[in-house]
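Note that chain A is present in both complexes that follow, paired respectively with chain B and with chain C.
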Partner chain A sequence: MKKSKQNNQTALAALTASAMALPAFQTQAATAPTENVVSYRSSNYSEDNVPASSVATGSTDRYDIDIQQLSLLAPVGKNFSLKFDALTEKLSGASPLGTQQGPDGKPQLVMSGASGTGIKEDRDDYSAHGTYYGDGYSTGLTYGQSTENDYKATYYGVDWEVEFNNKNTAFQIAVSQSDDKLSPTDAVLYGRVQSAEKETQSISIGLSQVISKTKIIQFGLSATEDSGYLSDPYKTSDLRPSTRNRVTATTRYRSFSNSSNAAMHLDYRYYSDDWEVTSHTLGFAWHQNMGSSFVLIPSLRYYTQTEASFYEPYQTAGNTNPYYSSDYRLSPYGAISAGLKFVHSFQHFSYTASIERYESSGDYSFDKVAVEHPGLVNFTRITIGFDVKF
Partner chain B sequence: MSLKLFTHMFKVMGGPAELQLYLQNNDAAVFQLAENEARRLENKYSRYLNNSVTSNINACAGKSEGIDLDKETAALLNYADIAWQQSDGLFDITSGVLRKAWDFKSNQLPKQKQLNELLKNIGWDKLNWNAPHLTLPANMELDFGGIVKEYAADAMTAILRNAGVQHGLVDLAGDIGIIGPHPDGTPWKIGIRNPEKTQTAIATLDAYNGGIASSGNYERFMIVNGSRYCHILNPKTGWPVNGVAAASVHASTCMVAGTATTTAMLLGAAKGRSWLEEGGFNHLLLEE
Partner chain C sequence: MKSLCLAFIVLSLSACTTSVKPWERGTLAKPEMQWVSDPADFALGNHIYFSKEGSTGGALVVGGGCGCN
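On to the complex of A and B.
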């Protein structure tokens, strides 16, 4: 029998943890939500303009997206909950159609549209998620649809979670599938594919382990296969393999400090695919409680990736690879983002505001980048929103 | 669908119990669920019933084979172990034998010799607890009196919540478990008893959830030769404590709140206050 007092834990934390082991606190369906929750978020995502020197033809504007999200979580009986999510995006601006070699030998962007006549597009996404809470486990089903004028995706999934070891350990497994249909606009005019299909299958497993009253670690692994038409129909000469196998491994660590009344979040993600893109993401966030109702969350993230095997800064005559893309998302680069979020909670209501600044560059890459893609994005995202429980 | 406040009163564990629940109609079955839980725990841990778990444990004192305990009792003993550690040995569920020396109706102090004899049979560290197996030295006793009423308030709160009640509270003679705030979101205003004028409140505490427990020198006491002797006894000396007139704690559960108020009373005013502060408890402490 342990007789020594554990000084690294407050009496409150020690007693509470012990009380939670009592049967009264172990009644089934304890994890099922008991309140309706309505959440609303409104975001503006705004990419910086491209410097005129990087543009060969077309607009220097880039995307500006307004995003509205509404979500409703409702308990149904004691053991079941339903969640509905709706998202609508209004996008305007221009995007790179391709690249060409510039006068100084560096790539320049061929942008869509002349200034003021850019792309305007809407996307709507609706999904429903039902969860059944059993004794020590939960299982859920998801169904959703995402619609644009030239793209439609239908997705569905099953997930299952079991808790054991006195709820200190949880194991999750999820499988999902997405069926996407593309119908590019002005296909005949520009010689784009008129219609195409794409399919994505994914499996993921996760393990969460409570290390102590104030520390938790989560591990995740996922494998995803995309197949079908994976090229970008709007990009010139873009031709990509018809399958892509992706794996990710994530580690998330959460630690709460009583003395500073704050939680530290440390995240690492490894990603690799058979197009030879490998990336690493390192995230840090500090959730500082101020009193009982305010939380301030500064965060920092670093990202670095290698290029796809068939990526070229611009098309050259001597290219022998059957595949080709000059999409900046397949180029080698690194990115740094910094954010600040604020949450103010009342008993049944909370509101939030956040700002994030993201900058990407060849210089931020972990590996040296010989030729930086001129289309790497920098953006600012501002979000406001509220949650109501009733 | 409008909710109305209904109350239900009954007697359990030697004191008054009151349920205040917001329901659509006066559903006797809901109140009965909670009352049954209180009676179940009263019967299971009563010192006065021959077949209770407490009696079975105490009957095996001095027997080398000991006793195997059920899951719930084992969790209570694990909790008692943590409480003993966190209070540096002051919160001790083996100290109940002191009642043999202290009769607060007699207005007479016990003899020190009698207390010395009883102190030999007190000390959580003297028994052998290896969950679920317990062996108890001869003449020792366990008394769940300092834990079970608070635990019952939490257990009733949990049962009512599982039955779909979202707004209400459970009050077992001052040990309070809160199911949720009033339907309009406003908190319960819990009156903290004035130790000098016990029918009035000295402060009110806003509570949306969790549990509240209070302890005071006014609850059971006697005055001998002008000195006040209250019912909270130090397990190391056998004598009543002084210094704290009343302590109230609001915690996530009534059980934790109850352990904290008792520990603060046992530590005395200055040490009790700093123990509550360092321990992170939301508290109110009044000195004598």
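On to the complex of A and C.
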């Protein structure tokens, strides 16, 4: 639901990314849950404003989003479980529409919100996941829909896990697909595509291995193909290839220290695609138990990526590449985020509060960045919530 | 290529791990030792990263189309 016709450059987005990721390998064993679990989270995501010196026209505001999440996990008999997830987002603010060369030769942002009223957008995401637990294996099915007034994604997948080697080793495989439909607002008025479609297909495999009584590791590989309309209709002069092939390699490691009564999480992901974007993501978290009912979790995440082959800081007359985008998400940069989370549990109830601060910059990139995009995002995310088991 | 990688990983792991009996896995079963200890928080975080960064995948959680560009 949008407030402004002039500023309908919405939220369609994530057109540089898949509308889905992959079904989960979230547990270390194919074991059926024995309790119902209801979880609720309320989050606020707030992006820093853009400095006025970086904006050629439009608003200096960025997005502010309120998110509510509710999930229910229910065992059904001894061998089945069902999980339902609901998420709703209310978004307001402004977004970069493009760039232009500034007086000093550096790029400046053309932002939405020039008329003083910003974007308002809602998104609802509902999904269901059913799992059958056999003797040493599990099989799951996922179906979900994400709906905005100008974007609808329907996603589904199947995942399978089998344990062997005296249940010290587990192999996982997952296949998933998303069918997305775009219907940009004010398409005729602004010369945007009126409707378009996009498909995403993924396959992933994983292998987890118990190393000792206190250590476990997992390796994963995935391949994903996007096809269809992959440009962003709300950005000026944005034209991208109609396919994108992506691969990732991941490693996750968990280690428990009895002397510290704490668990260490280390995650790494390598990413590469045929748009020539390569990225590295490194995550660290320390789950410190304090007594029997409190947990404090500090975390750090580092991210660095290269630019897409057709990315330019701003459009120039001499550009002969048939494709072009000045989307900051396709620019070279790095990002660092730090988080702190608190969990208090008693009996069948627990509540949680967390904060994350995310900052991105050309200076944080692993490689030297000649021209930093002025639209790189800095944000703060605050979450509170509770879980009830019964 | 993937098969080779998988075979390499399996062989490497078999050389450096010991078999842990089911009754010795109490620590591995702790909530803080799961791959994802807070699925809702993990899903939202990944949704934000995938909508704000130029790469995605490997996060292993189903998500929907993005509401923020």
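Note that in this section the second predicted complex is superposed on the first by the 358 of 390 C-alpha atoms of A that agree within 3 Å, B and C clash if a C-alpha of one lies under 4 Å from a C-alpha of the other, contacts with A are read in each partner's own complex, and residues count from 1 in each chain.
Convention: a contact is a pair of C-beta atoms (placed from the backbone, for glycine too) under 8 Å apart; a residue touches a chain by one contact, two chains touch by 3 or more.
Values in this document were obtained by computation on a predicted structure and should not be read as measured data.
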- Tell me which partner A:Ser354 touches in the superposition: chain B (first), chain C (second), both or neither. second
- Answer with first, second, both or neither: which of chain B and chain C does A:Thr34 touch in the superposed model? first
- First, second, both or neither for A:Met290, with chain B first and chain C second: neither
- Considering only touches as defined above, state whether A:Ile205 meets chain B (first), chain C (second), both or neither. second
- Task: Counting touched residues of chain A, say whether chain B or chain C comes out ahead.
- Result: C
- Query: Can A:Val76 be said to touch chain B (first), chain C (second), both, or neither?
  - Reply: neither
- Take the contacts of chain A with chain B and those with chain C, and give the residues found in both. 10-25, 27-29, 258
- Item | In the complex, chain B residues that touch chain A | 71-72, 75-76, 78-79, 81-83, 85-88, 125, 128-130, 151, 154-155, 158-159, 161-162, 164, 166, 181, 185, 187, 208, 251-253, 255-256, 259-260, 263, 275, 278-281
- Note on the structure: The chain C residues in contact with chain A across the complex are 2, 5-6, 9-10, 13-14, 16-22, 24-25, 27-30, 32-41, 43-46, 48-69
- Mind listing the chain A positions that touch chain B in their complex? 1-6, 10-25, 27-29, 34-35, 78, 258, 347-348
- Of all residues in chain A, which touch chain C in the complex? 10-29, 39, 41, 43, 45, 63, 65, 67, 69, 71, 85, 87, 89, 91, 95, 121-123, 125, 127, 129, 142, 144-146, 148, 151-153, 155, 157, 165-169, 174, 176, 178, 180, 202, 204-214, 216-222, 224, 232, 234, 246-250, 252, 254, 256, 258, 262-263, 269, 271, 273, 277-279, 287, 289, 295, 303, 305, 308, 329-331, 335, 341, 352, 354, 356, 377, 379, 381, 383, 385
